[in-house]
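There are two complexes below, and they share subunit A, which is joined by subunit B in the first and by subunit C in the second.
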Partner chain A sequence: MKALLAVYRAQLKTSFLMYLQYRASSVLWLLGMVLEPVIYLVVWSTIAGANGGAVDGYTAGDFAAYFLVLLLVNHLTDNWVYYEFQERVRQGLLSPLLLRPIHPIHADIAQNLTYKFMMLVVMLPTAGALGLVFHPTASITPLSLLLFLPSLVLAIAIRFLVEWSLGLTAFWTTQMSAVIQVYYVGLFFLSGQMGPLALFPAPVQVLAQLLPFQWMLAFPVQLLLGQLDQHAIVLGLIAQTIWLCLSLAMMTVLWHRGLRRYSGMGA
Partner chain B sequence: MGHSCAIDMCNLSKHYTVSRRDAGLKAALRSVVRRATSQVVAVDGITFHLAPGEIVGFLGPNGAGKTTTLKMLAGLLYPTTGTATVLDYVPWRRERAFLQQIALVMGQRNQLQWDIPAIDSFALNQTIYRIDPSAYRRTLDELTELLDLAPLLTKPVRTLSLGERMKCELAAALLHRPRVLFLDEPTIGLDVTSQRRIRTFIAEYNRRSEATVLLSSHYMADVEALCRRVIVIHHGQILFDGNLRELAQRSSSYKTITVQTPDEPSRLASFGEVISREEGQVKLRVPKAATASVVQRLLEECAISDLTIEDPPIEQVIEQIFAQGVVA
Partner chain C sequence: MRYIALLRRFLQLNLLRELAYRSNFYMQIFQSLLSLGFGLVGLAVIFDHTSALNEWHPGELLVLLGVYQLVGGVINLVIQPCMQQLMREVHQGTLDFTLLKPEDAQFLVSIRQIQIWKLCDIVLGLVVVGIALAHLGATVGAGQMLTFLVALVAGGAIVYSFWLMLATCSFWLVRVENILVIFQDLYQAGRWPVSIYPSWLRWTLTFLVPVTVATTIPAQALIGQLAWPTLLGVALFALLTLVLSRWFWLFGLRHYTGASA
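Here is the complex of A and B:
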């Protein structure tokens, strides 16, 4: 455990040095990351205004709070391990990683964490500035803040493991690309990044309950903002725990099968 | 410790499944529905052993099965059949203790992070391989001196030349002082000076650390300089395993006779095939069995001031073996 921590510390430092090399692309990335929720926020606020101030109880201030917290949570749960892994397998970069006496996922986790914390330095002021423009309203209590933290960690872990597993499909190449498409469509429509899921038709809400997407994003956001009742909070934390176990199992199975497969292709 | 064998194997084979399709759009569309696959035998039942501290050259043309064998021994590939142990570990189980004691250096694919200086990647390796700080310091100093790394360590790896990068890659792979070292074409694409440098270094590393080294290379110069023993592989099978000089002697059916003579070279053509002629010096290629009688006749019939008999260059011998697929 101590040795693993040392590896994480070293990997964090290495990643930090790496990212410092890419300041320009980081700024562009930030722009894209911020623009999307701001557009949704403007759209929903306009609808609320035209609707006499609220949509199903959500005021313009509620939307502002939702999308600003979503911006931060999305940043913290987002990752690009899927693309990274695909490239790795395609270009034969995985073999050197397999020679090391450590599971390659650790380097990815450490890299991902570094990036998140680094970018938080610009992300938080950006969210603050947007707050001054859009006037969010929310009732954040100490309890909701306390419960938000584990739900955020679970959301980060689930999304990371699911997308790392998707990356592993590179071993099966094109046969799996349809699955990937379905995942990204699901993430787009059912994670809550377009707006609070409560505003969607009932069948969509049921579907969202059964799939992992909202547990990776919308759930911690609404939990923090006090937009969920006690029942929904408990249900959500249970759902997150189940998805964590499922994604961990999926990752482990795909990893072992994938390595066999990789070996069959000649590594 | 006392391993009787550093590398041991029995009947090791590896078959790949490759998808196959004809050229053209029609074939591409067909392959969407039905993927035709076929088996390729990359390694076909090979057996050899390496004693601790040995340094052995692994020779064969492209596609002979060298890299596949090295990858199996380094734990990257599961064999289709057969068994192997490296330092008494089964490589493809990839146990931590095994991975901490070996290294595989491939000419192209790499350990170093592209965007940061090598020294930062080295520091990461130190923690990953759990290298004790003082041992790390010592090894790094030694490698820095042997490979002349000092000016390279603090530059981002992407700004290094191929030769400089390869030196850093080698150092990265050796920081944990592997007891078994697999080198797959370590000098590929390097200029002659860099090749020589890497070669000298490998010999020195082998001498100092008593590591077992299995080295594949296209360059006979690498093998000649480093390895007394060679293993020749072709179409996945071992053609020869033994002394390099013996291989040369056994496989060449010709000898080269060089004579110093004022005589007209065309006259000498009756003794054998004239392969070169310079001022007063002619090189003749003659069948091995006829060497003695040709030399005798030459001395009797021509005005010879000097005469030498040589085996053909090893490079030529190997080329001939690869072309014919047999060792005489």
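Here is the complex of A and C:
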């Protein structure tokens, strides 16, 4: 345990220095992340305006609050491990990592956490500035804030493990597979990136309950904004725990199976 | 005439290269359908709650979606791959080989990479536009067709000039690929009519990153909502950016020292 902590400390330090070097491009990446929620915030606000101020009870201010919190939670849960893992396998970069006496996921976790917290320095003022433009209305209670924190951590963990597992498919296919593209389309609609899931048709909502996407994003957002009742909160936290276990199991199985297949391309 | 012959030769070369990877074709069809489905589901969710988005009715937004797919196809067919290769070569220093060829360098760097299978997006976009127009029951006259083509070409020219200027920046900055990745994200904004955005964003998406001129305006031309002055303005803007990017490219070339020389 103590050894692992030391490893994390070292990894956090190296990735901090690395991102400091590429700060301009890191900020550019953020720009793209900010635009999407702004587009859909504008679309829904326009509809709310045309419908006499609200869509199914969501006012323009509610949409603003939803998409601004979504922006922050999406930033905190986002990662690109899938893409990185593909490159690793394709270029044979995985081989030196396997020689280390520690699971490579730890380095990825440390790197991802560093990026998230460093970029909060840019993300929080951006969200604040957008708040001044779009006037969000929300009443965040101490209790919802308290419950938000564990659900956020669970969301980060689930999304990281699921996308790391998707990255592991590189052991079997060396091309960007159809599975990944379907994953991203599903993620967009069913995680609440396009809008609150309550605005979707009922069958879609049922589907969203069964799949992992909304537990990675929409659930913590709505929890914080107080849009969920007690029943939904308890149910959501249970669903998150189940998905954490499932994704951990999936990752472990794929990792062991994949390693047996891996012959070290290019190495 | 010589340019047409060159263009044909590059098309042949790229076609031959792609024919070696025929499974890419099926992958591309899958991707195009997925991206179209993505757009259609988005529209379905929106129109579940309203009958018009800022005066744009479902059929009209479907026209816009088709134009979005079509223009995106053109960008991915030739503009983006060419400019990405240009930047890669500046970074690696292999651009010198292209500059040595006895043809206009801007022409060469703008046509040598063609991703043939992206034609799928263009065909699919045209099909969607056709279906949407039939659904609207609109008869598109020769005049309207001409306005559409002018707007489409002008929009394409503006996007091309924008990319060329960004790519030219790599003569000084060397690594600018990131900026172009951002373009993919920004292009998403073209899915929706530009009039819904607040003025600062509308301004940015028109002049700073010309996304909407390439999608909203041709779509407006097709549904007969484009005023002549706007079309004239867009055409002039296109000419201006073409001249400006040409000048900037030549200016950049004069400052380019090569990586190995």
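Operating definition for what follows: the second predicted complex is superposed on the first by the 259 of 267 C-alpha atoms of A that agree within 3 Å, B and C clash if a C-alpha of one lies under 4 Å from a C-alpha of the other, contacts with A are read in each partner's own complex, and residues count from 1 in each chain.
The rule is simple: contacts are C-beta pairs under 8 Å (C-beta built on N, C-alpha and C of every residue); 3 or more make two chains touch, one makes a residue touch a chain.
Quantities reported herein were computed from a predicted structural model and do not represent experimental measurements.
Undergrad: May I ask you to decide whether A:Q21 touches subunit B, subunit C, both, or neither, giving the answer as first, second, both or neither?
TA: first
Undergrad: Quick check for you: in the superposed arrangement, does A:I39 touch first (subunit B), second (subunit C), both or neither?
TA: After superposition on chain A, A:I39 lies in contact with subunit C alone.
Undergrad: Determine, under the contact definition given at the top, whether A:S247 touches first (subunit B), second (subunit C), both, or neither.
TA: Neither partner.
Undergrad: Thinking of the overlay built on chain A, is A:F200 touched by subunit B (first), by subunit C (second), by both, or by neither?
TA: The second partner, subunit C, only.
Undergrad: Looking at the overlay, what does A:A3 touch: subunit B (first), subunit C (second), both, or neither?
TA: In the superposition, A:A3 touches subunit B alone.
Undergrad: A:T126 in the overlay: touching subunit B, subunit C, both, or neither? Say first, second, both or neither.
TA: neither
Undergrad: By the touch definition at the top of the document, which applies to A:A50: first (subunit B), second (subunit C), both, or neither?
TA: second
Undergrad: Of the residues on subunit A, which ones does subunit B touch that subunit C also touches?
TA: Residues common to the subunit A contacts of subunit C and of subunit B do not exist here, since the sets are disjoint.
Undergrad: Can you list the residues on subunit A that touch subunit B in the complex?
TA: 3, 6-7, 9-11, 13-14, 17-18, 21-22, 92-93, 95-96, 98-102, 260, 263-267
Undergrad: Can you list the subunit C residues touching subunit A in their complex?
TA: These residues of subunit C touch subunit A: 27, 30-31, 34, 37-38, 41-42, 45-46, 48-50, 52-54, 175, 178-179, 181-182, 184-186, 188-189, 191-192, 196-198, 201.
Undergrad: Residues of subunit A touching subunit C in their complex?
TA: Those in contact with subunit C are residues 25, 28-29, 31-33, 35-36, 38-39, 42-43, 46-47, 50-51, 55-56, 133, 175, 178, 181-182, 185, 188-189, 194-195, 199-201.
Undergrad: Within the complex, which stretch of subunit B touches subunit A?
TA: 16-18, 42, 68, 71, 74-78, 92, 94, 96-97, 99-100, 102-104, 106, 109-111, 113, 115-116, 120-121, 123-124, 126-130, 156
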